[in-house]
Every structure is written in C-alpha cells, then in structure tokens.
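Look for chain A in each of the two complexes below; its partner is chain B in the first and chain C in the second.
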Partner chain A sequence: MPVSNSLRSLLPVLILLVLFALVPLLSPSNRFLSLAISAGINVIALYGLSVLFGQTGILSMGHAALVGIGAYTAAIVARDFNVGFWLSIPLAGIMAAIVAALIGVPSLRVSGHHFVIMTFAFGQLLSIILTNGGDYTGAASGLDVQQPVALFGLSMDVLTHYYLMVVSFVALSAIASWAIINSRYGRTLRAIRENEKLAASLGINVGRHKIGAFVVSGIFAGVSGVLLAYFLRHISPSQFASFPSIYLALMVMIGGARLLLGPLAGGILVAFLPELLNLDPVQSRILYGVCLIAVILLLPNGLIAGIVAGWYRFFDRRPVQPNEPAVEREGK
Partner chain B sequence: MESTLLRSASLALFLGVLTYPVLAEDAAETIKIGVVAAESGAFVSAGHTLPAGVSLAVKEINDEGGVKVGDKTYRLELLKRDDRTDISTAIAATQELVRDEKVAAIFGSETHDFTLAMAKITQPAKVLHFAGNSTLAKVLTESSVANGGEDHYLFQTEPQEFQRSGSTARGVLKLLEPLVGHPLKKSVLIVGNDATGQFLSSYYFAALKSEGQDVPDIIFYPPDTTDFSPFLTRAKSLKPDVVHFWYNGDSTLTALPQALELGVAPSYFLFGVDPGIWKEQGLSADVPVAMSCVPVCWGESSNPKAKAYFDAYFAAGAPKGVTSSVSLLYYDYVHFLAEAWEKAGSLDPDKTVEALKTLHHKGVVSDDLAFNATHQVTHATEVCAAAPGGDITCAMQEPPADAPKQ
Partner chain C sequence: MGALLDIKGLRKEFGGVTALAGVDLTVNEGEILGVVGPNGSGKTTLFNCVTGVHKPTAGTVSWRGRDLTGIPANAVSRAGIAYTFQQAMAFTGLSVFENVQIATEHCSNTLANFPWTTPASLLEFVGLSGLSEEKAGILPFGRLRLLGLALALATRPSLILLDEPAAGLNDRETTTLVHLVEQFPEHGISVCVIDHDMKLMQMLCRRLAVLDFGSKIADGPTADVLNDPKVLEVYLGGAL
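Moving on to the complex of A and B:
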C-alpha cells in the first residue's frame, strides 16, 4: 500500500491535534483544560484498545486496570526509587505490557465473550489487590505522587503546559497506532480478526499475535496511567475498577475502533457530552446506552466510520479500491 | 434639536437613577467561596448535604450584613459545583474555582480520594480548604500543616477517628446494654471494603477493644453489595452480642432487614443512620438497634441547638436523608471561617489560618469548636437507640482524650 494513501488516515488526526494544541491561545477556562487533559489521557489508552479491538477484534473490559498498573508503577517508583515522570513512562509501559502478557496467556485460550469476562474479572481482581495491598499500594486510600514534572526546565504543573504535553502524547499514540495498523503486523492482526482459522492455515501463530496485540495495548494503557497519576497527584483503586473499564470500552465502541479518528472522537464525546448537555451521571449513562445501541444497530464500525461512510455516500460515489487497507475501507 | 438633547439627558438621568442600586450592589465587595460535592452520582446521599449546609450558612451571614473584615464589609458569594461522583469532574471543578473564580475557600468533597487530589490544587494556591473526611488524619501532620507545609491551608472538620470511634463505641454499648438486658461482651464488625471503610474499621475495632469487647472478626463486604447473607451468616456463626454495621448508611439499611430475618444477633448498631430515617421509613426491629449520626441527629436529638438548625436546613429545601447531619460538618465551619476573617482583620490566607487555629467557635455541634495543632476538630458524637417497642433515646457522647493503645 502506498505511504501517501495510508497517510490520508493519519492526516486528519494530526490536523485536529494541531488545532487542539492551539486551543490555549483562546484562553479557555481551567475547567475546560482540566477536562480536556482527562479526555486526552483516556484517548491514549483508547488508541491501545483500538489496536486490540479494532484490528484484532478482541474487546477488553479490564483495560482501566492496565491504566492502573501504569499509574501505580509511576507512584511506587517515584516513592521508593525517586524515579521521576520521564523515566516512569517507559517503566510503566513495560510493566503494563508484562501484566497484559501475564493475563493474555491464560485469557486468550478462550475467545469472544469468554475473553471479555476474563478481562473484566482481572479488572476486579486488580482493584481488590490494590485495596488490600497495605502500605505498599496505600490500600484503599491510594498513593500520592509528589515528584514535579518538567520538560527543558518548563514546569508542567501549569495546566496549559500539561495540556500541551498530553496533546503531544495523544499525537504520538495516534502515530504509533497508525504505524501498527499500516504495518505487516497490523495486516496480520486484521487477518486474525477476519478469520482466525484461515489465518492459522496460512501459518500465522494466532495465539502469539493475539497476546502481542494485548501487550501492545498494555503499553498505551501504562503510559496513559503515568499521565493520569501525575495529573491527579493522588491515585486510588476505585479509579481503576470495573466502571472506568466499561467507560473505556464504551468510548472506543462509540467513536469506532478501526479508524484513527475513532478513539479521539469517543474520548472527547464521553468526556464532554455530560458537560455540554449538563447531564447528571444517571442521565449520562442512559445517553451512552442509547448511543451505544444506535451505534451498534446503525453504525457498527462506530460514529466516525459512519460519518465517513455517509460522506462518501452523499458526495463521492466512487467504488472502494481493493488495495486500500481494511481500516480505510471500513470508513467508506 | 434642543428638545432632543433635553429628552436624551432626561432619559439618561432616569436610567441612571434606575440602575444606581444595581450598580451599587454590584460594587459591594464579595468573598467567593466554593463547594465541590457529589450532587449527583453514587455519593449523592452525602454529597447533597454539603452545598445545602454551606448555602444556609452563607445566607445567614449575608442576611446579618456580611463579614466585617477590618473596616470593610464583604458579602459571601457561593459557587457550587457538582463533581458527579467523578474524580475528573471534581478536579476540573476545583481547577475552575481556584484558578478561574479565585475563591478564598473551598468546602468538600465528602470523598476521601477526591479531597486529597483537590488538595493538590488548593494548597499550592493558598486556598483554605475544609473537608469532613476523618481519613485526612493520614496527611495532616504537624510538619504538613506547618507554615510552608504542603497542607497548611487544609482543615479537617470531623473529629479524629479515634475520638469519633471512641465516643461512638462507648455510646452504643451504654445505650444498648440496658435494652438487651445482659452485659454485651462480644461484637462483630461488618464493614464496606473501601478507603473509608478500611480506615474507620481499624479505629472502631480498637475502640471496641478498649471498651472491653471481644471482637473476633471484622467482616469486609465489597462496596455496592446488596446480598449480605454470606457476610451475615459468617457473623452469626461467631455468636455476637452486637453486630456493628460500618459504613455507609445506605448499605446499612439494606443489610439490616436481612440480618433481622436471619436473626444474626440480639442487638445491632447502624453507623450513620439517623433516627429520623428510622421513623420516616417506618422501620422496626424486634431487638434493640443503635444508630449514630455524624455528628448530631435530626430525627431525635439531645443537642439543644439541633432542632433549630435542622428546621432551618429542611425549610431551605434540603431533603431529609440518611446523612443530612453531615451538613453540620460544613455549616458550622462557614461561620467559623467568617469569624476567623473578622478576627484576622484580613483575608490573607496565612493570617486566616492563624486565626482559625486560635479561635474557639460556638457552633451547633459544640459550643467550643476549635482546631488542634494538626488542623483537626474535637467534639462529641450523638448516639441513639431504638427499643423494640419503638421508643428512641439519644445521648451526646464525649470523645476519649487519648487514642487507645493498639
């Protein structure tokens, strides 16, 4: 596939992120920036989830637990080894990847809804472990993160700086996700998603690649956890239990997992919809439920894919090119 | 031409006269204070009491003319923000109140984790922060609250947990024993397994032990449990004289009917359930049931000031809830803060902290509210007991002077 062709899927995301990076010039409120940072941190984890769900067809309902692994790794290495933000990024990514591999090995022996249940159980298990972890995990009270964050002498404690840093991490995540999708590895994952048995008959080690996809998604989640820990400065097990995991799955399903714009749209929608419509949590959940049903029935590949498909249907009736990657075809 | 000018001038004068009071009122100086609480979501039961209590105090202060600081009088402006029981929203609300609205003080939240994360924003910004989480004892130390310390502007409006647990345990046993008719020797705790539950149970366990109780087990249940039968069956097997349900009020009210049906113990204690709810919901039991309030009960109280407070509180539109009394962990401290500003003669946060530490405030909960060296208050807790016939008796129980030896 030509690089220029595949870049067409990345370019809108990068343009959008450049526009987001310009938002501080409009002097937004700190409330907006704070919510945008939270949304951005979720989007990073969603890019990992989109590799797992969108490319491999495996849905994890315990993804917030992997974010928690990243967050707790950052907090513990900061407390015990005085390791700062930047070094904790790779450490947390590796740790979340290792945990993903450990869960993946037994969990991926099963497939479909059994795997979903296994990941959900893992999320609950982690929450229980953290809650009962004594002083090491801070038990149910959680842990503080005291280390300052700076880049080239610039303090990231300023909300605008932290916002721009999160936007940069979202851009890196989108690029990484794009690189995976458009690599030979990505095509292998899609082959597994479309037909596991056929893929295996072609010599693809299905189990190993599925675990690999889970590990890759774990790296994204781990990085997202570090950003969350350093943003909130205090983490506790309840932040990584079942509900946050369900929300992550909801975001990726509403936005769409197969297009690069999907995780971005899902993360932003779920973060800002209650704010814009002034909905309380009960109303929000009803709305998300309705959205999810509507997306599943009407736009099975997510909101963005549905919008892109609608766009082509109305303005450009050209046929789908057979050599276009699946990720682009889905949107047309 | 002259006529037009004259008409214009008259109109301008007329509009000026009309708008003068409005402009004058706008020009009056205000102190902004914020509340961050769960007005929706899972913690709404306790959450809605915060803005209700603070609103009432703000209204009373403004109705009395405002806060006199030095030679200026300020009105209080209350900014309420719903955290939707979501930490991201709580943080966004705190960022907005501290950085955009420039509030002088923040009250909330009722959730331990949220409060700690909020304090990371309020404290560097020198915003006075009041929260009724007894779990704050974990961070409020002499060094952290010292001048320049990381929690210098953070105040705990609930007594230290050894005090609250101590007075509660003593009051519960004292009220239940005559109703049960024999000495109470063995207690079992059933506790929600979250940050607050873990923290509280360790203190309550020690408090019961110091009252001479045999406490063979603390049984933890996962938050949001609705079927308590496995935990209750385990409790029954231990043959307790009292089963103590800690916390929270909503879960406790779900667990009690199941416990009564299973006949787990000859008496029960429900932490944080007001006798008002007991009466409003027409609850009954064939065994004595003790209840405690945080800190004073609204349904039945031995505190002389409680009735007037709760009459005003409910008249202002606040709903009658299991934890309505939690509002007192905030109401009193708005008045306390106003008194501190007046005493300090300044809105400077450092001077206000000094005033808060030296003042003795007459509140509803106590006639002598004061913060100790680690920014925590001390006061009694009210405990009530419902006899099988339905009669309810209440008593304010003073806290122990010292923490029991572990």
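Moving on to the complex of A and C:
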C-alpha cells in the first residue's frame, strides 16, 4: 500500500485528536474531563488490543490484567525506588510485555475459544495474586501513588493538563498501531489471522508471531496502566479483574478492531454512553450487552467498519464486480 | 538428475487406520512427477507428512541428503519446499497484491536466476496483474487457484508440491495452469503433483507413481504406468 494511501487512515484519527485537544478551551466540567481521561486511558490499551484482535485475530479476555501489571509496576517502583511517572512508563511497558510473554507461551499453544478462556483465567489469577500479596501489593485495598507528575516544570496534576497528556498518549498509540498495521510485521499478523496453515506454508513462524502480537499488545496495556495509576492515585485488584477485561474486549468489538478509528470510537462510546443516557451501572451493563449482540449480528467488523461500508454503498456507484463469486473459498 | 526429495518407508496411522503403509518415493531434480490414486489412497496424507502438517508414524523424508522428517511447516518452506492446498489457497480477506507481498517478504530461499522476485512479476506471470487491488475473496475459483500458485512460487522453492491443482477448474483454466507449471523446471523448480485428473497428469508428467490403500503399486514413465494391468485394475476399474 502506498504511503499516501495508508496515511489516509491515520489522518482522521489525528484530526479528531487535535479537536479533542481543543476541548479544554470550552471550559468543560471536571466530570467531563475525568470521563474523557478514563476513556483515553482505555483507548491506549484498545490500540494494543486492536493489534492483537484486529490484525492477528486473537481475542484476549484478560487484558485488564496487563493494564494492572502496568499500574502496579508504576505504584511499586514509585514506593520502593522513588521512581517517578516518566521512568515508570518504559518499566511498566517492559513488565507487561514480560508477563504477556509468560501468559502467551502456554496459552497460545491452544487457539480460538480456548485461548480466550486461558486469558480469562490468567486475568482472574492476577487479581487473586494481587489480593493475596500482603503489604507488597497492598492486598484487597490496593496501593496509593503519591509521586507528582510534571513535564518541563509544568504540573500535570491539573486535570486539564492530565487530559492533554492522555490525548497525546492516545495519539502516540494510534500512530504506533498505524505503523504496525502498515508494516511487514502487520501484514504477517494479518496473514496469520486469515489462515494459519497457509501462513506457515509460506515460512511464517505462526506460534512465535502470535506470542509477539500478545507481547506488543501488552506494552500498550502496561503504558495505559501507568496513566491510570497516576490519574486515580489509588489502585486496587478489582479494577483489573474480569469485568474491566470484558469491557476492554467489548469496546474493541463495538468500535471495530481493524480500522484505526475503531478503538477510539469504542473507547469513547462505552465511556460516554451511560453518561449521555443517564444510566446506572446495572442498566449500562445491560446496554453494553445489547450493543455487543447488535454489533456482532449486524456489524461484525465493528461500528466504524459498518459506517464506512454503509458510506461506500451509498455513495460509491462502481459497477458490480464482473467476476462471479468464488463457490468454495473458505479454507478448512 | 539427482534425487531432490527422498521418501523412505513412510508410514502414517490415524488411530487404527493406516493411511500410509510404508511408501518409498523419490522426486528427481528438474522433473514433474505425478502421484495418482483413488480417493483415500493416501496422496494428501503423503504431502502432509512431507510438509510438516502431520508427523509420520515411521519412515524418513530426506531433502538433498538432509533429514526433514517431522519438522514444522514453516521450516519446510524455508528449506525450499513449497506446497499448495486443495482448499485454503489464499488469504481471502486481503488484497491480491498483499497476498503475494506477504509471501515474497517471507521468502528466505535463494535460487539462481529466479525470474519472479517481486509481487508484480509474480502476478504478471499468473495473469492476475489487473486484479492486484481486489480482495482475494472475490476472485473466482480458477483465479484463486492461480493466486495460490503465485504464493507458493513466491517462496522461491526448489520443489513445489501441488495438491489437486486442477480440482474445480474448467478446461481452459486447466490449460492455463499446465502452461504455467510446465515452465517451472527450466527455472530450477521441480514439481510433484497429485490429482485424479488423468488428462492433466498425461499433459504434465513424464513419470507417474500410483498409490492404493497407502502403498505404492506402480512407479515409472507415464505411458508404462497407464498400461500397467495392476494400475488399470485398482485405479481405473479394469479398463481404460
């Protein structure tokens, strides 16, 4: 794909993010900014998940655990070694990558639904470990994060500043995800998603690349965990248990994992929909479930892909392909 | 004309079923060898045991004197053996160009005077240049087969194994395929093809091996094999 062509997929995301960066000029409420920050932190993890799910075709139902690894790494290195926000970002990324590899090596020996169950189990396992970690992990009550965050002498603890910082991190993860999608590596992952057997026959080491994709998505998750820990200032095991994991998977499915706008749309929608419709947590869970079923049945590639397809159907009057459709094209 | 691929005593059992009962087969450098046999005679299992899809129960597969028995599929490709599948021919969700691009990017073999080193040249060779931006999934069956051939070719193999390459093709498409495959040996690519289509085999192969119930019952020049009474009996049901 020529660069100009692939840039077209990145540009709308960057334009949107620039617009989001202008939102503080409208002096939004603190409530709005907090919601937006949480959404942005999720979107960073979602960009990693989109590499895993959208490109490689592997779904992780334990992804919040990797976010948790990032958050706890940040909290623990801050407490024990007085390491600040910026240095804890690479540290958390590396830790989450290592844990992803440790989970990935045994889990990716199985595929499909079995892998989903394995990741779910590992996610649960992590929250059990954190709960029983004694003083080291702060047990069920969790850990506080007290280090201040500053950039060039500017305090990031002001909500507006933190918001802008998260928007920048979202932009960086979108660019990273875009770079992966349009690289040789991204194509390799797509080949595995499309057909593992055929990919192997072309010399691709399927197992190693699947673990690699899981590790890459873990790095995104780890970074988003640091942002979460420093935003909330307090983390506890329940934040990284099964429900947050399911939400992450849900967001990436609703938004659509293959297109660059998908994670952004999914993260924002799931964060703001209950607020807009004024729903309580139980009602919003029901709504998410309904959304998920609707998306799976009606727009299997996610909301954004559905909108794009609808747009083309409406405006693009290309003649129908002269070729007859392949009779039996699915690999067995 | 040395032996490129040397299969000795290859056995494969699935539970109690013996799919291959000790097969010996040699593919020589520069030849197009055909393997025929009725349904269930073990042709595809033979390929699968060579290409790392199945691990053989017993026997050895040696490749230029190197033991390849039971190595994984991606390592087989890196050793210089390519193969096409009956069903999964291409990455249907990706564009035609991207399909060939992926295959080219992962090629780790070197082959002197290999003429198709770029995705564009491969697509031109199989006649899909005009469709490179299309999604592979919308290609008609015959074209999808040609794309599968291009993918196998992109790995710059010294040997291509073709599993029923003409299944589902009409006469014109089959002729196109034969025309392409015939050019392989002159570029240093040997071919081993399995198919039911005797017409195809007669067009392509000078040598035929016949499998029946997992055993080889004939191996020799195509004309001789087709007149072998044993072959006529098991494969063609008595008379040609």
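Convention: the second predicted complex is superposed on the first by the 316 of 332 C-alpha atoms of A that agree within 3 Å, B and C clash if a C-alpha of one lies under 4 Å from a C-alpha of the other, contacts with A are read in each partner's own complex, and residues count from 1 in each chain.
Assume a contact is a pair of C-beta atoms (placed from the backbone, for glycine too) under 8 Å apart; a residue touches a chain by one contact, two chains touch by 3 or more.
Note that the structure is predicted; figures quoted are calculated from it, not measured.
With both structures placed on the common chain, the touch criterion links A:191 to chain C but leaves chain B unconnected. Applying the stated contact rule after C-alpha superposition, one finds that A:204 touches chain C and leaves chain B untouched. With both structures placed on the common chain, the touch criterion links A:27 to neither chain B nor chain C. Of the two partner chains, chain B is the only one touched by A:159; chain C is not. Residues of chain C that touch chain A in their complex: 51-53, 72-74, 76-78, 82-83, 85, 87-94, 98, 101-103, 105-108, 134, 137-141, 143-144, 151-152, 154-155, 168. Across the complex, chain A meets chain B through its residues 29-35, 38, 131-132, 139-142, 144, 157, 159, 231-234, 236, 238-239, 271, 274, 280-282, 284. Listing the residues of chain B that touch chain A in their complex gives 39-42, 82, 84-89, 91-93, 95-96, 98-100, 112-113, 116-117, 120, 124, 135, 138-139, 193-199. On chain A, the positions that touch chain C within their shared complex are 1, 184, 187-188, 190-191, 193-195, 197-206, 321, 323-332.
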